[in-house]
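One structure below.
We just call them A, B, C and D in the order they show up, numbering each chain from 1.
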Amino acid sequence: MSLDSDNTVGASPEILEHIIRCNEGSAGSYGADDITKRVDALFSEFFEREVFAFPVATGTAANSLAISCYTPPFGAVYCHGAAHIMVDECNGPEMFTGGAKLVPVTSEGTKLTLESLEAAHARGWSTSFHHAQPSMVSITQATEGGTVYALAEIEAIGGFAKSNGLALHLDGARFCNAMVSLDCSAADMSWRAGVDVVTFGATKNGALAAEAVVFFDKEKAQEFIFRRKRSGHQFSKQRFLSAQLEAMMTDDVWRRNAAHANATARRLSDALEACEGISMAYPVEANEIFVRIPDAAAAKMRASGIDLKSWPEFGPDCYRMVTSWCTGEELIDPVIRAAQAATAGQDGI
Amino acid sequence: MSLDSDNTVGASPEILEHIIRCNEGSAGSYGADDITKRVDALFSEFFEREVFAFPVATGTAANSLAISCYTPPFGAVYCHGAAHIMVDECNGPEMFTGGAKLVPVTSEGTKLTLESLEAAHARGWSTSFHHAQPSMVSITQATEGGTVYALAEIEAIGGFAKSNGLALHLDGARFCNAMVSLDCSAADMSWRAGVDVVTFGATKNGALAAEAVVFFDKEKAQEFIFRRKRSGHQFSKQRFLSAQLEAMMTDDVWRRNAAHANATARRLSDALEACEGISMAYPVEANEIFVRIPDAAAAKMRASGIDLKSWPEFGPDCYRMVTSWCTGEELIDPVIRAAQAATAGQDGI
Amino acid sequence: MSLDSDNTVGASPEILEHIIRCNEGSAGSYGADDITKRVDALFSEFFEREVFAFPVATGTAANSLAISCYTPPFGAVYCHGAAHIMVDECNGPEMFTGGAKLVPVTSEGTKLTLESLEAAHARGWSTSFHHAQPSMVSITQATEGGTVYALAEIEAIGGFAKSNGLALHLDGARFCNAMVSLDCSAADMSWRAGVDVVTFGATKNGALAAEAVVFFDKEKAQEFIFRRKRSGHQFSKQRFLSAQLEAMMTDDVWRRNAAHANATARRLSDALEACEGISMAYPVEANEIFVRIPDAAAAKMRASGIDLKSWPEFGPDCYRMVTSWCTGEELIDPVIRAAQAATAGQDGI
Amino acid sequence: MSLDSDNTVGASPEILEHIIRCNEGSAGSYGADDITKRVDALFSEFFEREVFAFPVATGTAANSLAISCYTPPFGAVYCHGAAHIMVDECNGPEMFTGGAKLVPVTSEGTKLTLESLEAAHARGWSTSFHHAQPSMVSITQATEGGTVYALAEIEAIGGFAKSNGLALHLDGARFCNAMVSLDCSAADMSWRAGVDVVTFGATKNGALAAEAVVFFDKEKAQEFIFRRKRSGHQFSKQRFLSAQLEAMMTDDVWRRNAAHANATARRLSDALEACEGISMAYPVEANEIFVRIPDAAAAKMRASGIDLKSWPEFGPDCYRMVTSWCTGEELIDPVIRAAQAATAGQDGI
């Protein structure tokens, strides 16, 4: 076990058990099974309206497919310069859209702001056929910096999108962590705030490999079906994908898992921040911690056996720690103790 | 349970159990785990040489990725007109290659023949920049008609490919069924016969969702890694994909499952063929049966509760039945009895 | 000079002269010039309704762009197996559509027939998300075999397209030759017969490099503008493209040029057909001749200095001859004389 | 006439005359003509080594094709944030590469610098399969800000590219203007400095519509041929493209035209700079002027009939003026006089 990532841990027992249960008997292939139908209903309930939810196995697939339903090949997607779709998907969105452009929007901090979007849009992308045509805004919730957009922030971006004829995508690889953090409903964090399509992440929250692409518009959902198939993301034995989501959405597994991860991150970051010289690069609002540790302290921690993961993107003294649905005290306590020991003498004892 | 397809059934117990086993503890994400390493070794052993085997979740992904490593956007792939890549992947290969062309090669029956390939190639595709440039041949083993290429047939196609500078892809969605049918080695059915890249199917043979793309060339394998990532087929918790393949390749699970499916198909087809007026559209050499049933008999069978699946592609009187790793006598016996009953009076007794 | 093709000849004097005229002074770039505006008006007059006509420089660009506005990446285009878009554009339509499929429809002869289309469509492409989704039919007028669709034939195909929700594209690389042959209006040969988008060819008919993509639907025309730009087919000094079309559409240059080519082809083919043993592979209805010449006669003709161009696609004894807007008697008379001489003794004189 | 752009003017007389000359007689189509052969030789002489030069009609085509021969779909191209390929080609490079990414490199001023490239590369794009893989650097010469890279600056970037396994593309839409400005050879400004492929612009320098893509590597040149064809940029009557380039490269037309444009820009900018309160946004080193004019003065100039073109990208007080091969004194003198008049009283009269 480590704090490396929330995808180095395994799957939640409720989910594995449900897979085993769903293995019984035969089931229609390619999504023509009862479990898949129930998942659609569960998501409609979860989002408090009719939605069209499609299970896929990876976040890159979910994001790229969602974007490709709203962005023509000559389109442009505004996103944060550190967005997963920009940096960590090896041109997946470009592939699925047939060559659209992701436009990195310069922002202080970890979020797109209304001001930064307005400034980017004011550069005039939509004013001439020479330019890629803005089609969409994509935000990540929780963000790549471990922070969480407030509802009002999403609404502001949603308003900007609407008034400029753009769709709004929410990359929710850590959707549930953000919901728990905001203590809000899925509806509030999505369509009520102007979001058109959601990548709902389950893998990091305890699934084996399952995300849902959630549409609020039926026509786009129709197009998705063909795009999913041709990109190889339509599973033949789809019940095993759907089963993961069904278990996740049943009996609040999603909430319990996310709440555990968030609370553990909070406990860890609080303890670290109490150490002399250690600070957080960004507020810890979900289950990712980006912590600044002075070099001497970091060296001592490593010497005592702690595996610190550098995160140079946020500075040379920055380290990332991620908690998950199953991160236990046995994992974080040694980190806390090492940090305390490494920094104990610094204040002049 | 039904004979609809080999992907309406669930997963083999050995595979599910291994997934549960592999869920313990943490593991490197994105393929940096021990199980994935072992899978590579297992496939090298299986193919009797160093191979580069990559787990993906679907056949469309495996085929499209394999082809995209050998076919430029201006390339052309010769395949059978009924090939899965041509008919059933919603332009997946076209997407992954960036717009290459699949050239349907006219053949009698269910296989590409040397003659049909030579005739297609003689039309001169490679002679001018006006045309798509032939880059590859793709064959399906076992075929979409339930037959199996003999080793000599693959070797002939492999020779044609080599001498014309083309790569040879083998879509082995039912690779193991074909191996069992031929009673040959994986090496004989692939690289020794001139195959460059294999889609090794596990899903239909008892996995939840797992195929392997098997390269014999290291450079192509390198390129695959980027193509897999950007198409969304690199799993974060890859251990769960690899675990399926590890279980499949251990203790001959692959062989047992395929042998059961083949033997059951044989028993069923033998019994059907013994019925007056019923015949096979093509020789039953793996686990798919395409059977011609006179209309009157088919109507009687349906009336007695048998769910016959029409296969108009092979004629108006043709029906498909597929056996799997778990098809039991309770499933085929009623079909046989109904066929016998439906045809009993036809010869005038 | 030769009969090799209608693109080995130069440009019509009216067109060159107009280019020189249009070179005077400055003009808005990227299509914001007066000549381009006039071209739009000329085409609207020519087609007897409001059209949206865009000049591009090559037939591959015109065809691929036209198709890409009507075909999603998961789409399929029915066309003749010998269609230029299928055989001679090196996967251009596949590139512009982002990976759609061209489905070669088996037809006797040089035309798509209603029957052949219905048979292809009955194979069920549109019935499942596994398959590429039919979006369009594309026909070539005049055809790749030198024949011309009768209006009723186009109407039948147009009706089929409409009733199946497909768009109809007409590749009119030799549009004017066909119009002259049918002695019909552009409207009759296009939108009145159910055609949605036309590639109007001017290059072969006397331009330097100019075709027009003609839309009857404004929304599609909007999309075209972005697709043209990103594919590099928006000229900065567009007046020079538009000037070619303006000259072509003025004072019946288009008709005179096409009529000359057709009449010359007719004269040549009539004379050849009168020779013992020589026959036409297909009726000569425009400016292309596909002629069968017995081997001995062909050898004699070549020995007398005639450059015969083999056309093996239509058989080992088939040769192609193409007349153009400027093919003179000095070019065809020697061919006729050589054919007469080569076949003179064959009937035993 | 105006100073709007160097593509609102017509074609140089030498070029038009040569087109007329080349219209005589027939010529092999699709590049199999003598003029095209001579153009290849002319470019080899011009670049002082064997090159493979291909005429196309637009800069977007030339750039996108050049890039696509060096960049896989999972690749990344470093370029300036204001680069034409980034901003003004409506995702052309993304289309031709099948979805590669252009990475805007933050630079002060109008040029990529070694430091800015090193900083971008240090972000680690090439270190993991999660990221797009850097394949290329693209620079514009002269730049989008009217400046010209010194040879040493190109060499530094060339060295960076080589040592990091990247290819170097030079977008030379104004190649000749830059050569004249540097008074250097084409070889010095390209392959001797580490450039792998050049877009050689002729349209802005007096052609109707012609650019050359110049390769120094034969293998890449082979691939180009197929990519050109499928993108619709292989002209059938290619002699008319080649003729423009032949005329341009003969008798120093390229140099005369570029020298005239540069000298006129210099005269204009010198005179403007002498006006109180007017300054240049960037040094005027080729034929583009970006000039800052105080609001009051700009208003007066407009009132006196001068058509000032705002260039907000470089600031609210910035205007662009472009001279061309044929910009005469009658065009710039009124601008100078108006500027003088508009600023005359500002220094306290």
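As a convention for this text, a contact is a pair of C-beta atoms (placed from the backbone, for glycine too) under 8 Å apart; a residue touches a chain by one contact, two chains touch by 3 or more.
Predicted model, so just to flag it, every value in this text is computed and none were measured.
**Q** Pick the pair with more C-beta contacts: A-B or B-C?
**A** Taking the two pairs in turn, the one with more contacts turns out to be A-B.
**Q** Farthest chain from subunit C, comparing Cα centres?
**A** The most distant chain relative to subunit C turns out to be A.
**Q** If you average the CA atoms of subunit B and of subunit D, how far apart do the two points sit, in angstrom?
**A** 52
**Q** Rounded to a whole Å, what is the gap between the Cα centroids of subunit A and subunit B?
**A** That pair's centroid distance is 35 Å.
**Q** Centre to centre, by mean C-alpha position, how many angstrom separate subunit B and subunit C?
**A** 42
**Q** Multi-chain contacts in subunit D: which residues touch at least two other chains?
**A** Correct list: 30, 73-74, 89-91, 94-95, 98-99, 129-130, 133, 226, 229-230, 234.
**Q** Okay, in this complex, where on subunit A does subunit C touch?
**A** Touching subunit C from subunit A are residues 30, 72-74, 98-99, 129-130, 133, 223, 225-227, 229-230, 234.
**Q** Which residues of subunit B touch subunit A in their complex?
**A** Per the touch definition, subunit B meets subunit A at residues 1-2, 4-5, 7-11, 16, 19-20, 22-30, 56-62, 64-65, 89-92, 94-95, 203-204, 208-209, 226, 229-237, 239-241.
**Q** Which part of subunit B faces subunit C closely enough to touch in the complex?
**A** That would be residues 73-76, 87-91, 94-95, 97-102, 104, 123-124, 129-133, 312-313 of subunit B.
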